[in-house]
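The structures come next, written out as structure tokens.
Presented sequentially are two complexes of subunit A, the first with subunit B as partner and the second with subunit C.
Moving on to the complex of A and B:
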């Protein structure tokens, strides 16, 4: 009964989305606004229908209804209840339903807004938004139905349950964050396409969707950071990013979205790059769908395993249709999108944004080509090739360095114009300071040139970014505000700008961590008897023995105890362990680390110990790794500042929209 | 270089400036694209791997011996062995096949000084990077032993290749 009702809800949601697309088009064609309003109401109804289907699937999981194939695959009786809720996105069919749920929330929220100033966009926004919904709902309704009954007359008494490696908070939150980011980007795309089709190609669509874009980008960023943290905590290889195709599938749309977020500022300030911005949001949307295609089709060999299914070719077809549809309208509105202004100086702020876009897209192109190298190489040579992490790092290192440099220099530039003398003057002291810091590092024994160049660029950009806060605060203090009021007002009055600077600081802090761990990581592995020691860097570790004890449920915990000494001084006792779920025989290695701002001394059991007096222990020294996580926090903090609703700014946007003359509507 | 911004120019000068700027941007763009192409080609030269299934490896063994390869396959649980040779040297070995239900040729994989991965067990999907020798032993590069991460709960069908590639031919 529950399964039937769930499937009926999905079917109804699909039919409603089709209705919304058709009636919005019909209403606009007949100039009958009631049909368009009806279409809008239909998009609002899709949300409760998908919500109902999701709630029913969760109910089936919680009630251990193993007559439903999906429930049997992803859950088991002894699984904790909170994991049963998260099992909604634990498999292919459920995660597609979850994707539909998030998409329907975003679409309903976007459509529920007031349309006072954007009546021209509304029918097209409903139509384009519904296209995406129709595709994903069709996948759920006709290809990956999560309510399919099990293919057997005997209903299993228990299900497969969740792999222990996925029972980490980072892994529970990571997929929803990515999905929120992915689905969130459909909203700016929807409005961009509505602007293109309606011919209303001024910056209304950008201002309308600015916050949506930032929110989508925030979630995608969170998803990427949490995925890295999970890998570091759980997988026990001492790393956080492996340039795997599935990881890249999230990074690529994030890069396109980052270029778009920067580029729209030029359109807002200088009315330039309209065509480019349209291209970027179409690219971001296409890459979101492409990323989902890579992840779910298994077309490229990845360390992430996914059940093979029929969705791959359908995704490919959908990307092709949407890309051709978007390209057609982009070409048709070419003349309207032509910029009336042009770049007047190579050192102006708009030029700096252009360089930023070029660099980000260059990084995107490299990651995209390397990710797809297996397909490309097979096409041209008949043999599937593969590109590993060292190739990515070697090709991308210089591009990231230039991007970080630009991050520091760009805020110094001015709109319209710029001069070498002015920039040179502003950069002189930060450059001197960064050089002094590098000399100190050389004296302290750091001689790796790649690290020295990297640190110089990061310090230089960091000083320049901090100076932006200092100058802004100082200017406000001249008006009589004290330092704290001046600093907080500075950010409150210009959230996007200073939120953006906080994001830059976050990236720079992360860059310090990346340089540290990528270039200076050390590791060793040894078999130790009680009392034996391992030395790594300035650390020494003494092995004290192994203990075994039962844990909760069917768990057996084998825990080693080691004392860690730094420069001969005792600093901490660590207890790396291996847990074995006896029912499934699945082991799980839990590392233990001594974390400081300078490094992690990261210890794990390399193999299941067979005696209380002996163990094979692997040790990593991960310099500056915690800067990666700290930078992530600052990054998210900055994005929140930039995306936080600002009543004054919203009012200005509304007034500007009202004052703007009606732009050609060609009646397409 | 002086200030390149301009003010109070007449329309002709403006148009001239506009087209000259465009030309500079085009030339700059071409140089940057060339630089990026160089970075990519330089990074890739001699560093790319060939992706092969187990059967493909054996079919072309003479040509592939000593080359950097990426191979994936199903792990046969009874072949897994972890030996600690001395205090600092360990040897992990196991066999992989293209199709678990209908195993053809086995590739014997050897990884030195690698920790025992949690996911290395019967029917696991291994992804290995390294070089094979003429005797059919595949030596894994440092850090080149990867077990497919269970990003989804669902099990894959072991009666086919882990990467979904055709293994019939």
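Moving on to the complex of A and C:
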């Protein structure tokens, strides 16, 4: 009964989305605004319908209704209730429904806003937004129906339980963040397409969606950072990023979105690169769908692909259709998108944004090819190839280094013009400072050239970025504000600019951590008897024994106890453990670490111990790893500053839009 | 007497053969065991890190949890004990299971793309971007009127445009 109702509401959502697409088109064609209004209301109704379906699916999971195939796959009677909620995105069909839910929230929120200024865009925005919804709702309704009955005469007494890897708190919130990021990016695309089709290609669409874009980007960034943390805490290999296809599937759209976020600023400020921005948002959207496709189809098999299914070709078809559709309109509006302004200097801010775009797209091109290499090689040679982390690192290392360098230098540039002397003067002292720091490092015994180059670039850019804050604060202080007022006003009045710099600082802090872990990680592994010790770096670790105990549900925990000594002084008792869910038999290796700002002493129980007195222990020394997480916090803080609603700015934008709809240059 | 001697020789041969048999069977095992135990886990992991599980893709052998991978780690240990180098072991695994088990595939055939592509992306991308930028500049030369008209609110070059914006904003107050 519940299942039928759930499926019915998915069908209704699908029908409603189709209705919205057709009606908005018809209403516009007949110039009958009431049809368009009706279409808009339809997009608003999709949300409660999908919400109802999701609620019913969760209800079925909580009620242990194992007559539903999906419930049987992802849940079990003994599973804690909160996991029964999160099991909504614990498998293929549920994930797609959840995707639909988030998409419908974003779409409804975007459509519910006031439309006075974007009257002309509305019918097309509804239409394009509905296309995306129709596709994903059709997938849920006709291919991956989460309410499908179990293919068996006897209803099972108990289910399989959620994949152990997905029971970790990090993994519970990681998918929603990624999906929010993914679905969020459909909104700027929808408005961009509406602008293209309607021919109103001024920057209305950019102004309308710039906060959406930032919010989508925020969630995608959060998803990536949380994913890294989850890998570090749960996967037990001492790292946070493995260039796994599924990780790349979310990094690739993030890269495109990052390029877009930067280049729209040129359009807002200088009314240039309209065509380019359109291209970038179309690219981002296509890559978002592609990312979902990679994750959901299992086409490039990886640790993440919990399901292989028939959705692959459908996704591929949809991406192709949307890309051709977008390319057609982009080409048709080519003349309107031509830039009337010009580039005055290769050292100007405009040029700097273009260098940024070039580097990011080069990185994207490399990651994209490498990620798809298994498919490409299978196509050409019949044998599935594989690209491991060393290949990625060697190709991307230099590109990232140049990007970090640009991150420091670009804020020094000015709009319109630039001069070598001016840039050189501004860069001289930070360069000297960075060089001094490197000399100190060499004296202290760091001789790895890659690390030295990396640290130089990071320090140089960091000094330049901090100087931006100093300069801005100083300028305000000259007008009589005290340091604190000046500093906070600086950010309050220019959220995007200074939020952006905070993000840069976050990235630089993360870069320090990445260099530390990638280049200076140490490890050792030994079979230990009770009382035996391992030493690594300044640390020594004594093994005290293993004990086994049952956990929640069908979990068995095997936990080792070790004492950690730093320079001979006791600092902490650690308990690395292994968890086995007996029903699926899948083991998990949960590390335990002694964390400091300098490094993590990260201890793993490498293999399932066979006696209480002996264990194989693997230890990693991860230098500067916590800088990665700290940088992540700063990064998110910066994004929040940039995305925070700014009442004053919004008002200005609205007023200016009414006065002269074509050119707006508030903010930067 | 001769018969007895023959018997002794025969018996000796019997024992000799037995000993030989024992030696061929037991000794290598014993030798291997002793060598294998001298190979540390760290040495095994150093190799296993760069070999990927042929069954569960995207998981290196040093962290893979399956029994198959445990056996492969043991195989690496034996090969190291026999004095094989890292490269020889990589070659062995690649021959057995294909290039896809290697973290860094051999730079040959189609794999060369992995080295050429990043260079192509940078060079071709760089060329396209520079052409695009030059075109944008050419527009400037063709339409100088725009050039002159635009920068009316642009501060003198020595000053940060943003700093002057702050100043303007503060003046307004």
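Going forward, the second predicted complex is superposed on the first by the 634 of 668 C-alpha atoms of A that agree within 3 Å, B and C clash if a C-alpha of one lies under 4 Å from a C-alpha of the other, contacts with A are read in each partner's own complex, and residues count from 1 in each chain.
Operating definition for what follows: contacts are C-beta pairs under 8 Å (C-beta built on N, C-alpha and C of every residue); 3 or more make two chains touch, one makes a residue touch a chain.
Note that this is a predicted model, so its numbers are computed, not measured.
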Overlay on subunit A: subunit C relative to subunit B, clash or fit: clash
Which superposed partner A:399 touches (first subunit B, second subunit C, both, neither): both
First, second, both or neither for A:420, with subunit B first and subunit C second: first
Which superposed partner A:561 touches (first subunit B, second subunit C, both, neither): neither
First (subunit B), second (subunit C), both or neither touched by A:380: second
Subunit B versus subunit C as contact partner of A:74, first or second or both or neither: first
Touched partner set for A:292, first subunit B, second subunit C, both or neither: neither
First, second, both or neither for A:342, with subunit B first and subunit C second: both
Contacts of A:479 with subunit B and subunit C, given as first, second, both or neither: second
Which superposed partner A:23 touches (first subunit B, second subunit C, both, neither): neither
Clash-bearing segment of subunit C, relative to subunit B, as chosen among 4-12, 22-30 or 58-66: 58-66
Interface residues of subunit A shared between complexes with subunit B and subunit C: 235-237, 301-303, 342-344, 346, 358, 362, 365-366, 369-370, 373-374, 377, 383-388, 390-391, 395, 399, 416-417, 419, 524-527, 586-587, 589, 606-607, 616, 618
In the complex with subunit A, residue positions of subunit C that touch it: 40-42, 45, 50, 52, 56-60, 62-63, 65, 70, 98-105, 109-111, 113-115, 117-118, 121-122, 125-126, 129, 132-133, 136-140, 143, 146-147, 150-151, 154, 157-158, 160-163, 166-167, 169-170
Residues of subunit A touching subunit B in the complex: 73-74, 87, 90-92, 95, 160-163, 165-166, 235-237, 246, 298, 301-308, 342-348, 358, 362, 365-366, 369-370, 373-374, 377, 383-388, 390-392, 394-395, 398-399, 416-421, 524-528, 532, 585-589, 604-608, 616, 618
Footprint of subunit A on subunit B - complex, ascending: 1-6, 17-18, 21-22, 24-25, 29, 32, 36, 39-40, 42-44, 47-52, 70, 72, 82, 84, 86-88, 90, 113, 115-116, 118-119, 121, 125, 127, 129, 143, 146-157, 160, 162-164
Touching residues (chain side subunit A, partner subunit C) in the complex: 235-237, 242, 244-245, 272, 301-303, 339-344, 346, 351, 354-355, 357-358, 361-362, 365-366, 369-370, 373-374, 376-377, 380-381, 383-391, 395-396, 399, 414-417, 419, 422, 471-472, 475-476, 479, 490, 493-494, 497, 523-527, 586-587, 589, 606-607, 616, 618, 668
